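What follows is chain A paired twice: with chain B in the first complex and chain C in the second.
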Partner chain A sequence: MTAARSIGGTILEVDAVSLAFGGVKALTEVSFDVREHEIRAIIGPNGAGKSSMLNVINGVYRPQRGTITFRGVPRHGMNPYDAASSGIARTFQNIALFKGMSVLDNIMTGRNLRMKASFLEQAIWIGRARREELDNRARVEAIIDFLEIQHIRRTPVGRLAYGLQKRVELARALAAEPALLLLDEPMAGMNVEEKQDMCRFILDVNAEFGTTIVLIEHDMGVVMDICDRIVVLDYGRKIGDGAADEIRGNQAVIDAYLGVAH
Partner chain B sequence: MTDAPGTFPGRVFAHAKAIPDHPATREKDLGIWQTWTWREVAAEVRAMACGLASMGFRAGMHLAIVGDNRPRLYWAITAAQALRGVPVPMYQDAPAAEFAYVLNDAEVAYAIVEDQEQVDKLIEARPGVPTLAHVIYDDPRGLRDYDGVTSYEELVARGRAFDAANPGFFDAALAAVRPDDIAIMLYTSGTTGRPKGVRQSHRAFIAAAEGSVAFDKLSPADSILSYLPMAWVGDHLFSYAQWVVAGFTINCPESGDTVMTDLREIGPTYYFAPPRVFENLLTQLTIRMEDASALKRWLYRSCLAIARRCGAAILDGQPVPVTDRILYAIGNVLIYAPLRNVLGMSRVRVAYTAGAAIGPDLFRFYRSIGINLKQFYGSTETCAYVCLQPDGAVKLDTVGLPAPSVEVKVADDGEVIVRGPMLLAEYYKRPDATAESIDAAGYFHTGDAGYFGDDGQLRIIDRAKDVGKLAGGSLYAPNYIENKLKFFPYIKEAVAFGAGRERVCAFLNIDMGSVGDWAERRNLAYSGYADLAAKPEVRALMRECVEKVNAELAADPKLAATQVHRFLVLHKELDPDDDELTRTRKVRRGFIADKYRVLVDALYGGKAVEHIETEVKFEDGRRGIVAADLVIEDVAPRPSARAAA
Partner chain C sequence: MQFFFEVLIGGLLSGVMYSLVALGFVLIYKASGVFNFAQGTMVFFAALTFVGLTEHGLSFWMALPATLVVMVLLGLAIERAVLRPLVNQPQISLFMATIGLSFLLEGLAQIVWGTSVRGLDIGVADEPIGWIADRFGLNISKFDLVAALIAAVLVAALAFFFSRTRIGRALRAVADDHQAALAVGIPLQQIWGIVWAVAGAVALVAGLLWGARNGVQFALTFVALKALPVLMLGGLESVPGAIVGGLIIGASEKLAEVYLGPMVGGGIEGWFPYVLALVVLLFRPEGLFGEKIIRRV
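Coming up: the complex of A and B.
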């Protein structure tokens, strides 16, 4: 299925990024690239620096050294607002939704950056505000349909099962119509059926919208099945990079995962 | 109605002329109800039919239809019929292997399906189905890169081009359709043996629909929710035949999970559901009421007590004391009307249930709060049209009076036999089965055992071949016992054994929802289905239910000997995917007896515990093994009423 989707040029270039928290080196000279329309995985044992890498890409952390080039614009560091407005959206390892708000409202927040109407216009519901709201709602409904969550449209997120909350979070990220989607362990804590559903949604998002996806995942089966290329981190260093088959045969990766006799 | 066209497509185009702007179909899509008028439906049907014709679909060919209730799939039925082809709706939740049987039996070359899930199943089945050449899909999602499949849009575009190039084609095709052409082929659920294709003519199904439409005075102003499997004869009668004959509006839900919400938004005037749907609704309601405040609970209980006393009588127009009428009117304002609103039944004029026996409490509940719930009787072979309950004479234990233009008799051996215009033309490629079920006098043998009461209404006891005798000679009707057990909300399925044996024994399936809730209220921890089913407390609960059923059986001298002596609670849910139930959820008793032979032997062999390993199929087609040690419970039978007297 992935064969017909044409993978384009480089959309994100991570060049020699190093990140340290005091004496702890989270990332050391990590470089890799992400091409347009591909699904790229970052894997590695616990504490390898995977989430830190994601946080660097969307501006939560500022690396001490290195550059990140997104859509041709090189930067040393950015804040999450700039990342979001330049087309990077993400989901979190520990779900970060508004628990008391309905699924619909949560996904609508993903459209926030697309709304141009002023506070006053929105308050008295005139002109642009009304038009924008209808427009955005139509987009959100398309995403609700896409992720098959019509039945929980009006349900407060806090009352949903974990697997569904994960799906709502994906919906909110998609609502921003990102060029680059970062998924932090989208399948953690899910049962087999939920994992299969999530895999299908990730592949469908990639195929239908052409969204470039970078994901962190522990389930090797999932990663090998759905990703085009894989970056392997261990102790903050890149130890492997390539297609699933190359990674499977990479001795450094095998050592990192299985341990090695010294 | 006599001058109305004698075929379904003829009638669709007649509506497009007579009531062009009346809504024919609605579907909730992207959160908004979309409407198609009869004129628009006719235009879509025309384009689809021309599209199919341009792809080589000809008279006599079969068009497989697979998916949830989608407007385009209903229209596809008409499009195929307009070309004198035969639509074959299939159960959308069946796995690919089951598809293959029907596809091969019907030599299907053309299929129109809902989405990627169904396309994948057809592709999986394709190597074993050499005839299958064309697959058309409705929802393009995920299908972008598939080869050899056609989108609905493409089909319709081709159709419009074909129509423009061959101006007289469609009208000529439509005019060529005869009332005696086969209009639909529906497969039986196959309680025993392989499913058979039941072929019904336009004439038969239109007769059934006209009879029932007149019986309940349905008109274009009515509105229904179409949410039952399209392959089931019940849905075909209610959502297609009656729709086309009466010209009312069908509403397709947004998804299978949103039916409750959609029901409330639409507020249908005419409603049809199998008993389990009514049961689920009541269970949800009861659970929610238990969480309500004390005042509300008290109000609910007292109002329902009044409703139980006089609600059904008021609905039937019987004399009721004035005080009760006043109390009922107050109850209506406070509880019944809001309740009907929550259930989405505020506007329901006529509601039907059929397909299985309905529990007395359940039936009484809906009627007492003012919902005109009735029963009918029919089968795939009779267009689901044999007996109907008239307003004012609704009873729990009957299935009604013979429907207009239908002759119903009880044969000497107790089997119900019927004759009328709604009978099947034939079983597809099974002249032997056709000859076996329709006798020389033209009566169809339903296979059901029943009798007429003094009120002229028919009562069905059981499947005729299931009615047997215990070794001691007493009459034994397994279905009757199973239904009594299943009326308890805690029991989802029951399988009784006893034909030719000394005593009756039974397998029970707990209802995960209500037993789970029951356990929660008692702080009983459990990890899953098998664990919950194995709890001694749950077995005790089941024993209470069995004892109550035994008490009822003991009260009937004819059936006192068939009390349940021993039972066990199964460790897994009986499932159509494991062939234990049919797709319409009827138990396949013979298959189950074979599959669980060790358990049956243990029940009759006097063992107290038995170990069992069962293979289960998961939804994605993988298999696994479930093992359990099942404890067998002994129940002391009650003395029979006659013996005690």
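Coming up: the complex of A and C.
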């Protein structure tokens, strides 16, 4: 992989996390770690608990048992707002953009936590509010260039094709300059070209900004190509963890995907 | 022709007053998806509080900030006590809650300040402006013109605030998708608090202008009914829509009254705006400036 980045220490530690909705066990005793600057994949058949795992990391769900430690701080009772302010950004499986707003405004909302001017300063548009707006606009323009979406800057997001919407959502997440970026099926529903573009962007983001990325993906080819290490879930349990080659040879993983004779 | 322009301009200026009331609805609808039935009552509440304070000896410039503080606190209290407990409930529950709220506020205002009709003087006379009458031969009310200017400044400021600042963007983001807004780190409750406070302040401006024109009395709550066709016409979530909608309604109802009224025996000013709004709805269900409903199949 790229020589520029070097994988650092553990940034996120998931320890024995269990999550149940009533009687349905979504996750059972799942543990894994994510190291700084790496691209980590979570894979598994449908209903394996991948999205639940992401939602736990991001604070949408609170696990009944287990701990999550992010940048050395154990988290308890975290909500998505806390997650965002501690440096975790994400995209959603079903795209959660602000459909009526332009691409530019959508991405600017990603910088919300970076802007500090008070309500009154903004109401009368003085000093800090004005400067801040311009500074942040410049940052956002850089991201727009980076993801090659200059031409749709002013278009309301709801009018864009699916693949482009996914790219805008990535841009909004990047705008927050996150320490950890969670991507929930970034390539779902895309055609081959769009997938290739998205792969390139994910690798570029990782290489250029050193952003740690955790992604969920169904396309095995993609996962094996771009990820450093892979966690495999099945029925809410971890059944494999390691580099692509190890996962390929893991019998439990092969069984989970291909089925096994009983 | 001169008469036509007089009617037109008079209509446009009173239309701005409708916009002002409609704006209060738009603000809250835009940020929280709640159609605030109590907006008309808030206008009444603001006017009555202002008049009540001046009757207790406060000067205009003392009563104004005092009432502003009351309205902002009222807005924050409504968000905190009525809407926050209802988060994630169906729209209709929130709407019903605001209906209840409007009765509560009506009663409360009249318990505190009494039910008698009062006059409200903001120091601008409702008389023709001399030099316009001399030069163009048009009778334009000074009061209408000042009221329209105040409303225009307020609308411009709010439109700018919505499109060019972090909080404005956050407001729109929250209105669009709560889950996504939380994930990018927008504090929902703070944003809602701000919206209600701003809506309270807008109600104050509308209350002063309408109170000065019609007198401060219970019927002031009905100005909200005038805002409904404006909202239908302009679109519920558009600040520019509220202003253009107000202008169209104001001008067309006055022109209709003067030119069509005699044919049907007069009195069409009251219902003409609704018919106009319904016709627009036939062609553009989201209103002239509402956010386009985009559906992907």
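Everything that follows uses one rule, which is that the second predicted complex is superposed on the first by the 257 of 262 C-alpha atoms of A that agree within 3 Å, B and C clash if a C-alpha of one lies under 4 Å from a C-alpha of the other, contacts with A are read in each partner's own complex, and residues count from 1 in each chain.
Everything below uses one rule, namely that a residue touches a chain if its C-beta (ideal position, glycine included) is under 8 Å from a C-beta of that chain, and two chains touch if they have at least 3 such contacts.
These numbers come from a predicted model, not from an experiment.
> With both complexes superposed on chain A, which partner does A:D204 reach: first (chain B), second (chain C), both or neither?
A:D204 contacts chain B only, not chain C.
> So, does A:E148 touch the first partner chain B, the second partner chain C, both, or neither?
In the superposition, A:E148 contacts chain B only.
> Please name the chain, chain B or chain C, that touches the greater number of residues in chain A.
Counted on chain A, the partner with more touching residues turns out to be C.
> Between chain B (first) and chain C (second), which does A:F98 come into contact with in this model arrangement: first, second, both, or neither?
second
> Would you check which partner chain A:A20 touches, where first means chain B only, second means chain C only, and both and neither mean what they say?
A:A20: touches no partner chain.
> Once the structures are superposed on A, label A:Q196 by its partner contacts, choosing first (chain B), second (chain C), both or neither.
first
> If you stack the two complexes on chain A, which partner ends up touching A:A188: first (chain B), second (chain C), both, or neither?
neither
> Touching A:S85 in the superposition: chain B (first), chain C (second), both, neither?
second
> Output the chain A positions appearing in both contact lists, the one against chain B and the one against chain C.
Touching chain B and chain C on chain A: no residues.
> Can you tell me which positions in chain A touch chain B when the two form their complex?
Against chain B, the touching part of chain A is residues 1, 3-5, 137-138, 141-142, 144-146, 148, 150-151, 153, 193, 196, 200, 203-204, 207-208.
> Of all residues in chain C, which touch chain A in the complex?
Per the touch definition, chain C meets chain A at residues 157, 160-161, 163-170, 172-173, 176-177, 179-188, 194, 237, 291-292, 294.
> Which residues, counting only chain B, touch chain A once they are in their complex?
Residues in contact with chain A: 29-32, 141-142, 144-145, 254-255, 257-258, 261, 619-620.
> Can you list the residues on chain A that touch chain C in the complex?
58, 60, 79-81, 83-85, 89-90, 92, 96-101, 105-106, 108-113, 115, 117, 119, 122-123, 125, 129, 132-133, 156, 158-159, 172-173, 176
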